[in-house]
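These are the structures, in structure tokens.
Two complexes follow with chain A in common, the first pairing it with chain B and the second with chain C.
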Partner chain A sequence: MTQQRIDPVAWLAAPAAAYFLVVLGLPLALLLAASFRTGDGIGLAHYARILGDPFERGVILATLRYAALVTLACAVFGYVYAYAMARASAAVQALLLVAIVLPMTVSVIVKTFGWTILLRSNGPVNSALLAIGAIDEPLRLLFTETGLVFGTASILLPYMVLPVFAVLRQIPPEQHDAAATLGAAPVEAFIRVVLPLTLPGVIAGVAIVFSMTVSAYVIPSLLTGAGYKTLSKAIANAFLVIYNPGLGAAAGVILLAIAMAIVMAAGAAAARLGRTA
Partner chain B sequence: MKMANPFTPLLWAVTLLIVMIQIAPLVVVVLVSFANSPVFEVTFGNWSLRWWERMATARGFWAAMELSARLAALSTAVALVLGTAAALAIHRGRFPGAALLGTILLSPLMLPGIVLGIAVSQMFRAYGVTDAFTALAISHVVVVMPFVVRIMLSSLALFDFTMVEAARTLGCSYGSAILRVAVPNLAPGLVTSAVFGFIASFDNYPMSMFLVDARTKTLPIQMLEFLEESPNPTIAAVSTLLLVLTAMLLLIIHRASGLQRAVIR
Partner chain C sequence: MMFRPNRRRLLGLGTAAAAALAAPSLVRAQAREIVVGGPAGMAGLMRDEVIPPFERASGIRVLYEGSRSAVNLQKLQTQKDRPQLSVVMMDEDIMMRAGNEQLLTAAATAGVPEMGRIMPASIARDGLWIRYKTPRSAIAYNTRRVPGGIASWAAVWGPEFRGRLMVPHMSITSTVQLLCVAAHLATGKPFQEAQYEVDAGFRKLREIKPNVLGFYTAGQQAQTLLEQGEAFAVPAEISSYVLMRKSEGVPIDLNTPTEGSFALPSAIALVNRGPQQDGAQAFVNHMLTVPIQRLWATRLFDSPAHPGVDAGPGILPADRMFNMDWEFVSTNRPAWIQRFDREIAA
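The block that comes next holds the complex of A and B.
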């Protein structure tokens, strides 16, 4: 017998594989094909129109900027939160976990709707800022990039906290304390000991939050008006309003490429980290 | 000797602030649903159940909720069967491309939902699938599958298959060994993946947006339409109801496998 026999259990994967081939692979292939189909044959006209037009380019850049700001905010505050969780007693840790898992699991429409109320000019956020004297008059937050970034970062924060916490909890606190005992200042101990060990978690969180933000549709739809365009709003507009499937498909392929690029970059970064560690 | 870390108070202050920010949108939705005001505001001391009464008679919401529940139940059932079988095969890993298949089955978590939505809707159009519910159900299986595969893979990693052999040595038939040893041990994973999968389908917006029609609207579609067209606090009552249901589902997950194990790999 020269041919290696495939384990019969492997056939259990066949239905799922076939399903994904037909309901994920095939539609994406058709989408890619549609993005090249122009009025008179095959070409790059849709891509040229998107990438050549300063307005459309601006939409892509605004989307990337939005995702970068949200990811940065999530990385900083998500790390702090995960760090506090890892150092907390078991009871506090459970509470801190519930405080992010319940909001994470609740429908994104409910959370975003809550943010539209919070961010109103006479809403709770402005009231609180006025009360503590941080501002003299209400800020305009709803329908602004500031409000959008703030709301999105808050909604996506749990997706950063969980992977960072998953790594942090495996580092024994003694390791942190050992560095301190050996004379390292708290900040130095953190930067030289804890941070490098938790980078894989941060990379995973960055990939998730960035790809969720570039793809976000519900959050920017509710927190910004028609004036603020993101790539996903443009895609929905192309299909549901102006009905230009070719253009929409090309925009979709660009969004897909961005999301896949960040995931693959994160994968490569994690692999590199694994080699040097 | 342990030094007092000067950053510790700051750490806890920021953490407390984040907890408040995480909970704030949910609290405000609940308060608005009980406020006696036609606009979205919190009116302390002036409570009312009028928006809850309005919701009870708003027919669009109940039809949408029923449709979303049916859709989520059906797509979760299909994904549970396909996903668990695939997880078993990938766990054993004795075929070429097992790791790649795992990545592909998890990929809908990372791919833009809106792109998947336009892709499947164009395909259904091309192949003449016109029934909205059929199109939604077929597509939602793809949304649910990653939750099943991910959770079942980690459940399988913790399950010791020699226990099945041990049961057989002790006189169980193969079928009864699976039923009495493997199924109870994998049940928490099955429950957890079913609940997370159900929620993923029930809440899906970006894929459904291209597949619904005037008569077939899922709850998220109905909710966003309502928010954009006739915003009044009825939507806060619906949201509060969803919040309570979600908390109950999380409780089920907690009972089945522990919250921390369920959400952290």
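The block that comes next holds the complex of A and C.
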């Protein structure tokens, strides 16, 4: 039996691996250990409290619902945007790319405060709806789930657009033309040819947007204050307000498990698509 | 020229790198420096007007870290064995918790001579912390939206404020005063007795929910909406912010409710085993001197602790505001926060 030698080039990853072990692995291990620490010793009391209490379970469900709605909004609007960008002329494509990338250079706090202006009773959204006669009196959008979902989706949209666009631009336009030549209507050609080929990009976008939403703290804090409960707010509350670090650590582990499950499921789906492609 | 590593060059590089890494701490050890943890909202005034004269007079550099009281408490807890903060400024109930956990050390007139000149009521637990100023807590309102003002606490339960109140979350200290007001309105008892009628307070607070635009955990969130008129009023807001902004021409004001205003003492303390204890004492002393005490009154419109400072018209003396039983608040607040989340902010 011959012993397989490690490629010496692989050692180049060692410094980065060591760095992540210290700055990510170690804190996560400490977080995990803290989540089992109770007043009496070691146990699952914090997990039992979170998973056994209808209020705390409601917080987890609200977080998942929030992340799912934002991901759906990003997938719908992001796909259309990426498709338009891929089909546009070089000049328009560059313009659309700048329009989606440039906001990423602005602080999330600034963008979120901007949304509080947009969503006010006399803000542009309500003014526009009143002007076109869609509503008779201003809607309440601030501190609501609707405002939160659209605000978050607009901030995270680039993370959906970019991976979808990266896949879309690799699809030769001839494939769409070939489908048309074979008798497929434009919609059918899109559904049966373009959409399946772009699914790896959509899956990547879904994984990124869902993970970022499920762990978002600043955006929901600024757009909904203390009214809309999410896991990340519950973690901050446990550490900073009710002084129960064990509970906060357990909530953190649950949040991490949800994010990891989504990323792994997305990875598995992408791998399956890769095999069937 | 290409860099060719050999043992001597690598040794030289290592020494240089070690020196570069160690330099900040060496410099810090030579220059006297203290770290002060205080409210984020006061950071501008502290950095512009309070700290510079102290640094010039003492030669001690002050690093001011602005944050919420709860965050400052957590810093003290996590740095308990090797504190980096020398002085901490927090709300009284949080200060009480820090005192109970032996995170503070008492100041005395030997190191802080101004303690002998301020009002005795400003010194808590034999100098464990000092109430260096007392902001007044009442209802902040937008003067364009509510031109007639707000006469009483009871008014914010009225239908004219439907969907127009920004209410602080229980994690913000002034909310315990709103709970006391709610208990007072529910039971008819004076604040002194009503503050212990917690169940009645929560029941009455539930009735305010239709009037709530949002529950906030960051003051600036509510302040922005109030100043722009999206929110008509913020119950339990403090003079330091409202009256300072009013003096700058912003259309907001702080009412004087018929039922009475609350005191929300700002406290300062020495950190137990904190670095540069003499510098820390000198800084606390500076905070109690007449020029700085005058600053609290003229710039923040808070009641000063020094009797030699004329607070001026419109500033209620601390003894004419209701001061809650902070020991009771400190003990019960974590439970109230959880209850608030489930019953009021849900």
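The rule is short, and it goes like this: the second predicted complex is superposed on the first by the 263 of 277 C-alpha atoms of A that agree within 3 Å, B and C clash if a C-alpha of one lies under 4 Å from a C-alpha of the other, contacts with A are read in each partner's own complex, and residues count from 1 in each chain.
Here, a contact is a pair of C-beta atoms (placed from the backbone, for glycine too) under 8 Å apart; a residue touches a chain by one contact, two chains touch by 3 or more.
Not measured: the values here are computed from a predicted model.
Superposition model on chain A: chain B and chain C are shown in a clashing arrangement. In the superposed model, A:I50 lies in contact with neither chain B nor chain C.
In the superposition on chain A, A:V263 makes contact with chain B only, not with chain C.
Contacts of A:R120 after superposition on the shared chain: both chain B and chain C are touched.
By the touch criterion stated above, A:L148 is placed in contact with neither chain B nor chain C. In the superposed model, A:C74 lies in contact with neither chain B nor chain C. By the touch criterion defined above, A:A84 reaches chain B but does not reach chain C.
Legend: residue contacts after superposition of the two complexes on their common chain; A:F239 is shown touching both chain B and chain C. Using the contact criterion defined above for the overlaid structures, shared-chain residue A:L26 touches chain B, although it does not reach chain C. By the touch criterion stated above, A:S221 is placed in contact with chain B and with chain C alike.
With both complexes superposed, B is the one of chain B and chain C in contact with more chain A residues.
Clashing C-alpha atoms with chain B after superposition occur in a single stretch of chain C, namely 58-66 (options considered: 22-30, 58-66 or 256-264). Taken together, the two structures place residues 113, 116, 120, 122, 221-222, 239-240 of chain A in contact with chain B in one case and with chain C in the other.
Listing the residues of chain A that touch chain C in their complex gives 55, 113, 116, 120-122, 140, 142-143, 221-222, 224-227, 229, 237, 239-244.
Put simply, chain C touches chain A in their complex at residues 68, 70-71, 74, 163, 169, 171, 212-218, 221, 224-225, 228, 230, 334, 337-338, 341-342, 345-346.
Those residues of chain B lying in contact with chain A across their complex are 1-3, 5-7, 11-12, 14-15, 18-19, 21-26, 28-29, 32, 40-42, 82-83, 85-86, 88-90, 92, 94-95, 98, 101, 104-105, 107-108, 110-116, 118-123, 126, 138-139, 141-142, 145, 149, 199, 202-203, 205-206, 209-210, 220, 223-224, 227, 235-236, 239, 242-243, 246-247, 249-250, 259-260, 263-265.
Every residue of chain A that touches chain B in the complex is listed here, in rising order: 6-7, 9-13, 15-17, 19-20, 23-24, 26-28, 30-31, 34, 77, 80-81, 83-84, 87, 94, 96-118, 120, 122, 124, 154, 157-158, 162-163, 165-166, 177, 180-181, 186-187, 207-208, 211, 214-215, 217-218, 221-222, 232, 235-236, 239-240, 245, 248-249, 252-253, 255-256, 259-260, 263.
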